[in-house]
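Residue numbering begins at 1 within each chain, and the chains themselves are lettered A, B, C, D and E in the order written.
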Amino acid sequence: MFTPGLYHILFISTALFFIGVFGFLTRKNLITILMSVELILNSVNLNFIAFNKYLWPDKLDGLFFTIFIIAIAAAEAAVAIAIIINLYRSHHSIDVDNAEEMKY
Amino acid sequence: MNEFLTLMKPELQITIIIFLLLFIKLSKGIKNDLLLLIIQNLLLLNFIAGFFFNAPGNLFDGMYQTNTLIAFQKSILNLGIYLISLLFTGWFRKTEHLPEFFILMLSALLGLDFLISSGNFLIFFLSLELATIPIAAMANFDLEKKISSEAAMKMILSSAFSSGILLFGISLIYGATGTINFEALPAQLDGSTLQILSFVFLITAFAFKLSIVPFHLWTADVYEGSPIAATSFLSVISKGAMAFVFISVLYRVFQPMHQVWYNMVMLLSIITMIIGNLFALRQQNIKRFLAFSSIAQVGFILVGITANSPEGISSVVYFILIYTVSNLTAFGVAAAISSQTGKEKIEDYKGLYQTNPLLSWVMALALFSLAGIPPTAGFFGKLFLLTAGASNANYGFILIAALNMIVSLYYYLRVIRSIFMDKNEQPIEKINIHPSTKFAFIICSAGIVLIGMLSWIYDYIQSLNP
Amino acid sequence: MWSFSKIADLVHQSLNHTFSPTLATIIEMVIVGVCVIGLFAVLGLVLVIMERKVSAWIQIRLGPNRVGPKGMFQSLADTVKLLVKEGMTPSGADKFLFNLAPYIALIVAMLLMAPLAFAKDFQMWDLNIGVLYVSAISSVSVISILMAGWSSNNKYSLMGAMRSGAQIVSYELSAGFSVLSVVVLAGSLNLNTIIQSQADGWWIFKGHIPVMISFVIFIIAVTAETNRAPFDLAEAESELTAGFHTEYSGMKFALFFLAEYVNVFIVCAIGATLFLGGWMPFHIGHWDGFNHVMDYIPSSIWFFGKTFFLIFLIMWFRWTFPRLRIDQLLNLEWKYLLPISLFNILLVTAMAILGWYF
Amino acid sequence: MNLTLLILVPLITAIALLLMRNKQQVKWLALTGATVQLVLAFVLLFTYRNEVASGNAEQFLFQQQYDWFPSWYISFHLGVDGISVAMILLTAFVVIAGVLVSWNIDRMPKEFYFLLILLSFGAYGFFLSLDLFILFFFLEIAVIPKYLLIGIWGSGKKEYAANKLALMLMGGSALVLVGLLGLYFSNPERTFDLVKLSHLDIPVYIQKICFPLLFVGFGVFTALFPFHTWVPDGHSSAPTAGSMFLAGISMKLGGYGCLRVAAYVIPEGAKEYADIIIVLSTIAILYGAFATMMQKDLKYMNAYSSVSHVGFVLFGIGMLTKTAITGAVIQMVSHGLMTALFFAVIGMIYERTHTREVNEMGGLLKVMPFITTVLFIVGLCSLGLPGLSGFVAEVTVFMGAWEHPDFFHRFATILACMSIVVTAVYILRAISRTAMGPIKESYSNLTDARWNEKLAAIILIAGIIAIGVAPFWLNNLISPGAEIIMQKFSVAP
Amino acid sequence: MGSSSMIVLIIAALAFSSIAILIAKIVTKSTTNPQKGEPYECGIPTHGKTWKQLNVGYYLFALIFLIFDVELVFLYPWAVVAKHVGWMALIEIIIFFFILFMGFLYAHKKGALKWK
C-alpha cells in the first residue's frame, strides 16, 4: 500500500503555509484573516510532527512543540475573537476596509 | 528547589505581584488611588529586589538560563514598569479596570522576562506569546474608543502572523538540525540553504516584533490607538526586551552564520533608519511621531547588533537603559498633557514653554536624549552603538547611521521648536501633575543626565558580560 | 469457549490463504465496513424500540404493541415511513452545508466506533491514545449541529444549534476531567490497557468515592453532551419546535436521529469501558475461584450488558427529571460540576500516588 | 593650574543660573561667572608662560587624566599647549563681552544666560580636551545652545536659520564622528587619546579615508566653502550675543579641530589633500569678500566677511608651513575678537535704530560717538590696518604661504591677498554710509552706549590692540605648538 | 486494522448515508410548492433576518471553554505519567490548577458565567 513520506507531508504543510500567508494578505474579513493565521500555525504543526517522525524519531521536541502551539493558537484565537467582537460592536462590521480610523 | 527559587527570582516576584493583584480584584474593591499606591510600591520593591542574589545558572536542562547580565536586563525592564506605573498616574486613576491593566502588563513583563532567559526555542515561543497576547488586550483597553479596538486588532493579527512565520522558521531549523536547544544548535549550523531559509523566516518574525522596516506597518497605528500606557509599554519595554533577545539569539545561536546575518541586519538597519526617519518627519500626532521615531531608534540598535562582539551586547543594553528612561519621559509628558487637555497634536504644543516651563524642559531633555545630543545619556548610548558597529570597519554604513542621526535631530527639533519658539494665542493651560508623576519625571531626568556621565554604569554593564 | 477474536483470526487466515495480501486486506475492509453498517442499523432499531419500551414501562403504559410481537418491529416500520417521506431543502438554506451536516454527524458517530473493544481482543483499532481519540472525534459532532442550525435559514434552528453548541462544549470539560481521573489511575490512554488494569476489579469499585464522583459527573456530562433530556434544550419541542433539525425531513432527519442514538451507545460504551471494566468480567481482587466463574460468561455479554445498563440509566433520566432552563444548565456545569471535577482530579491523583486503591 | 576648574566654573555657573529666580540675580551671577572665567584664563596664560620660561618643554602642560568609560579606553584627558591657551583666552574675552552686551535682555533672561554659559562650557571643554572622545562630546554640546539661542531670541528667519545651523553643524559632527571611529579602530591600541594617537603610525590608507571626513566635518564649523551656507543665515538671525559667540567662538572650534585633530593626527592625509584645502579656502576667501560687497544688511555683511576671514585660517592650515599655521591661529584669535566686537557694535546700533540696513542709516557719529568709534576701529581691524590684530594675522599667513616656491601656492596667495582690497572697499563704504553724512530726523535723539556696552567694547578692543601692537607674545605662545605640528609633516615618510 | 480503519469507517458512513438518502430519493415522489420552502415557524411568514445577532453570552462561554479545553489538552500527557512521577506531578498540577482557578474565579466575579 501507499505510505506517505516526509516530502508529501512537507509539500502539504508548505502549501498550507503559503495559503495561509496569501489569505492573510488578501482577505478582507477579519475572521477569515484569523483563520488564515490558524492555517499557518497548523502547517507548522504538520512540519514539526513530520520532522519528528521521519528525521528525528528519538527526539520528542517536535511533539511537545506541537502541543504548545495548539494551546497558544487557542489563546491567541480567544483574544483575537474577543477583540473582533469588540470591533464589531463599535464599527458594526468585521471588514478590514472599514477599520480605517487611522491613516498616515 | 533552592536553586529554582534563586534563579527564577525575577519571574517569581512578578508572579507573586500578579496574584496579589488578582486577589485584590477578587476581594472587595479598593479605591483606585490606594490601589495605585500599593502597585507602585510593589513594583519599586520588585525593582530593588532584582539587584540581590543574582547568580548564573540553568534550570530545566538549560531551557531557562540566567546570568548576571540577564538579571540586569530584567532590572531594566522592572525599572521601566515602575516608571510606567508612576508616569501615567493621571490615566490610571481614571481607568475603570486598573488591576486588570496591571495584571495584563505584568503578565506581558513576565513573558518578556522568560523570553530573555529562554535557552530553547520552545520556551522562547511560549514566552513570546505570553508577552504579546496581553499587549493586544491592553491595546483594547479604551473600550469605547474606535481606534483602540482597531489598534488591538492590528496588533493581535500582525503578532499572530509573525509568530506563525517564526514558528515556520523554527520548524525548519528543527528539521535541519534536530534540536531546538540554544546550546546545541550552533554545532549543527553549517549555513546550508535550508538553514539560511529558516533563518530568514526567523529574522522576519523578529523584524515584526521589533518593527523593523519593512515589517513596521502595524506599529504606528497600534501606538496611536492604544492607551498611552500600553503604547509606552509596547514601544519601550517590549521593544527593549526583544532587542535583548534578538542580540542573544544572533550571537549565541547563529554565531556560525555570522556572515549571513551581518549583511541582513546591516541592510535592515539602513532601511529601518531611513524609512523610520522619513515617516517621522511628517507625523502630526505625538504618539505616531514617537512611534516612527522609535522605529528609527531600532535601526540604531541594529547598528550596535552588527558588532558581533561583547561591546555590541553591552552597548545595546546600555542604549536600551537610556532609551527606556528617555522615551518613557517623552511618553509621560505627552500623557500628562493629553490626559488633562486631550491634545495630542504636535501643533498643540506650541507655546507650551510659556505656561509649563518645567514640563517643557523635561520634554526637551527627553527629546535631546532620544536625538543623541550631549550631555544627555542618549549621546553616549548612540555613540557607543555606532562605535560598536564601527568595529567591523564598515565606515559607509556608520556614515549612513550618523547622517540619519541628523535627520532624526531635525524632527526632534521640530517638537522642541513648537514648545519653545512658536508663539501661540491659546497655549495649553497649566498642567497639574500628580506628585508621583513628578517624582517619576525627577527620576527620569536625573537618569537622562547621569546615566551618561557616570561612566561606571557602562562599565558595570560591560563587566556583567559573561 | 468461542470468542470474536478467534472468528476474526479464522477469517483473516482463510482470506490470506485464498487471495493475495492486498486483495485480502481490501476484502477484510469491506467485511468490516459491512459489519459496522450492520451494527449501526441494528443499534438504531434496538435503541429506538428500547427507548419507547422503557418510557412506557416507567410511565406504566404499554408502548408500541401493534407491529410484530409486542410491537418489536415498530422501529422498522418507522424506518420505512421515514424512507418514503420527501426530503426537502428549505428555499433560503445554504444548500451545501444543509446537505453536508447529516453526513458529518454520521461520520463522527461511525469514527467513534474504531477504538471500542466490543469483546476480548476484538477491537478495530488498538489505538495507544484511545481516550484522546474519543474526546477529539466527539468534539467534531458539535460542528455538524452548528452547521445544520446555521444553514437551515430558520431562527429556531439557529438558536437550537447555538444552545446545543454551548451546552456540548461546556459539558465536554467535565466529561474530559472525569475521563482523566481514570487515566491517572490506569496510567495509560490506551483503552485496552485501561481494561486490563481492571482485571482485579473495576475502577468504580477500586477507586472509592473519588472515582464514583467522576462516574456520576461522567454520566451527567454525557447525557448533556448527547442532548438528551433533561438537557435536551437544543431540541426543546415546546420552545424551539425541534431545534437544529427543525427543517430536516425524511432520510436526512433519520440520519441525525440515528447518529444521536448511536452516540448514546458510544458514550455509554466508553463509560462502561473506563469505569466498569469494558468486556472485563466482574472480578474481585484475588478471589480466583469467583473470578473463574465470572470468566465463563462471554466477554461480549459483559460489554453489551454494561453498556445497555448505562443506556438504560440515561433513558431513565429522561423520563424522571424535568428539563432544565439554559441558565440552570450552564450554572450546573460551571458552578458545580467543573470545580468539583477539578478538585476531584487532585483527589484522584493523590490517591493514585499514595496507592490507596485496591 | 588645575584645568578642570576652567570647565567646572561655567558648568556651575550654568546650573546655578537655573536656580535663580530674580532677573537681577541672574545678570550679576552670569557676569560674575564670566569674570571668573576671564581671570582664570589669564591665570592660565601666566602660569603657562612661567612654566615654559622655567624650561618645561613638554608639549602639553598641566595634563590631567581620569578614567572615563575605561572599557572603551576613554579617559578624561585635559591639557594645554600654546594654541589652546590662546583659544581659551579668546573664549573668555568673548564670553564676558557677550554677557555684558546682552545686559538688557528682557525675554527669559535666565534661560538666555544659561545657554550662553553652557555654550562657553562646551568651548572650554573642546579647547582643553586631549581625548578625541571628550573633544567630540564638547563639540556637540556647543551646538544645541546655539539652536535655542537663535530660535528663541533671534530675529528674521530665525527658525529656518536655527534649523539650518543645527543640522549642518550636527552633520559636520557626524562626519567627525565617523572619522574619529575610523582612527579609533585603525590603531592597535584602541585609544582616543590625542597624544598617543599622534605618536602612532596610522596606516596611510586609513589616513586617506579619515582625513576628508574629519576635515570636512570640522570644516563645516569653519565655513569651509561649500558648507558655509549656515553662516550668513545663522549669524544674521541670532541675537547679538549669539552672533558674537557663533562667530567668535563656535567657528573657531572648527578651525582648532582642523588643526589639532585633522592636521596633527593625520599628517599624511593632510599632505594628500592640502591642495584641495587651499583651493577651497581661496574660493571661500574670495567668495566671502565679493559676497560681502553685495550686502546691504550689516549683520549679513559681517557674516559674509567672516566666511572670508575664516577662510584664511583654513588657507593657513592648508599651506602646511610653520609660519602659516601660526598665522592661522593668530587669525583665529584676532578674528574671534574682531568679529565679536563687530557684532556687538551692530547689535548696539540695531537696538537703537531698529534697522540694520546700511542705506537707512547715516550720520550716527553725531549721536553716538562711542559706538561709531568702535565701529571704526573694528572696521579698520577687519581690513587689516597695521597696529591692529587683523594685520598681524593676515601678514603672518601670507608670509607662511609665500614660503612655498611653486606657482600654485603663489597664485593662490595672490588671489587671497586680493581679497584685502575688496575688504577695504566694503568696510570703508559701510562705515561711511553709517557714520558720516547727514543724520536722519528719527535718529537725532538716540543715546550713546551704556556702561555695560562700553565695558564690553573696551575689553575686546584691548585684546585687538594688544595683539596688533605686540604680536610677539602671542606668536611666542603659539609657535611651539605649531612647531610640533610641523614636525609631524617633516618626520612622516 | 490500525489507522486504515478510519478510512474504512468514513467510507462506510458515507456509503450508508448516501445509500439511504438515494433510496429515499428514488422511493419518494417530490412535489414543488412555494410555501414548502418557507422556514417552519408556526405558519406565519418569517419576520426579520434569520441570522440575527445572538446573545453575547454564547461567545463568552465559547472563549472560556476554549481556555479550559486547551488546558485539558495539557492534562492528557500529564495524566499518563502522573502516577510514575509522584508527588512532583501533584504539586505541579496544583500550581497549574491554582492559576487556572484564579482565572475561573475572575471570570465568575466578572459575571461571565452568568446567563444574561
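Points worth noting:
Heads up, the rule we're going with is that a residue touches a chain if its C-beta (ideal position, glycine included) is under 8 Å from a C-beta of that chain, and two chains touch if they have at least 3 such contacts.
For each chain, UniProt lists the protein as follows: A = NADH-quinone oxidoreductase subunit K; B = NADH-quinone oxidoreductase subunit N; C = NADH-quinone oxidoreductase subunit H; D = NADH-quinone oxidoreductase subunit M; E = NADH-quinone oxidoreductase subunit A.
Please read all numbers here as calculations on a predicted model, not as lab measurements.
Traced through touching neighbours, the fewest hops from chain B to chain C number 2. Contacts with chain C and chain D are shared by no chain at all.
Any chain touching chain B that also touches chain E appears here: A. Ranked by separation of Cα centres from chain E, the top chain is D.
Averaging the CA coordinates per chain and comparing them to the mean over all protein CA atoms picks out B as nearest. Here A-B and B-D are compared, and the pair linked by more C-beta contacts is A-B. On a Cα centroid basis, the chain most remote from chain C in this structure is D.
Chain D has its Cα centroid 42 Å from the Cα centroid of chain B. Chain D and chain E have centres, each the mean of its CA atoms, that are 81 Å apart. The distance from the centre of chain A to the centre of chain E, each centre being the mean of the chain's C-alpha atoms, comes to 20 Å. With centres taken as mean Cα positions, chain E sits 15 Å from chain C. Looking at chain D, no residue sits in touch with two or more other chains.
Those chain pairs judged to touch are A-B, A-E, B-D, B-E, C-E. Chain B makes touch with chain D in their complex at residues 311, 314, 368, 373-375, 379-380, 383-384, 386-387, 390-391, 393, 395, 398-399, 402-403, 405-406, 409-410, 413, 416-417, 420-421, 455, 458-459, 462-463.
Across the interface of their complex, chain E is touched by residues 19, 22, 25-26 of chain B.
For chain C in complex with chain E, the touching residues are 28-29, 32-34, 36-37, 40-41, 82-92, 102-103, 106-107, 109-111, 113-114, 124-125, 129, 131-132, 150, 152-156, 158-159, 162, 165-166, 169-170, 172-173, 176-177, 180, 183-185, 187-189, 241, 246-247, 250-252, 254-255, 326-327, 330-331, 334-335, 338-339, 342, 345-346, 349-350, 352-353. Within the complex formed with chain A, the chain B residues making contact are 121-122, 125-126, 129, 133, 136-137, 140, 143-147, 149-154, 156-157, 160-161, 163-165, 167-168, 170-172, 174-175, 178-180, 220-221, 224-225, 279, 282. Only residues 67, 70-71, 74-75, 77-78, 81-82, 85 of chain A touch chain E when the two sit together in their complex.
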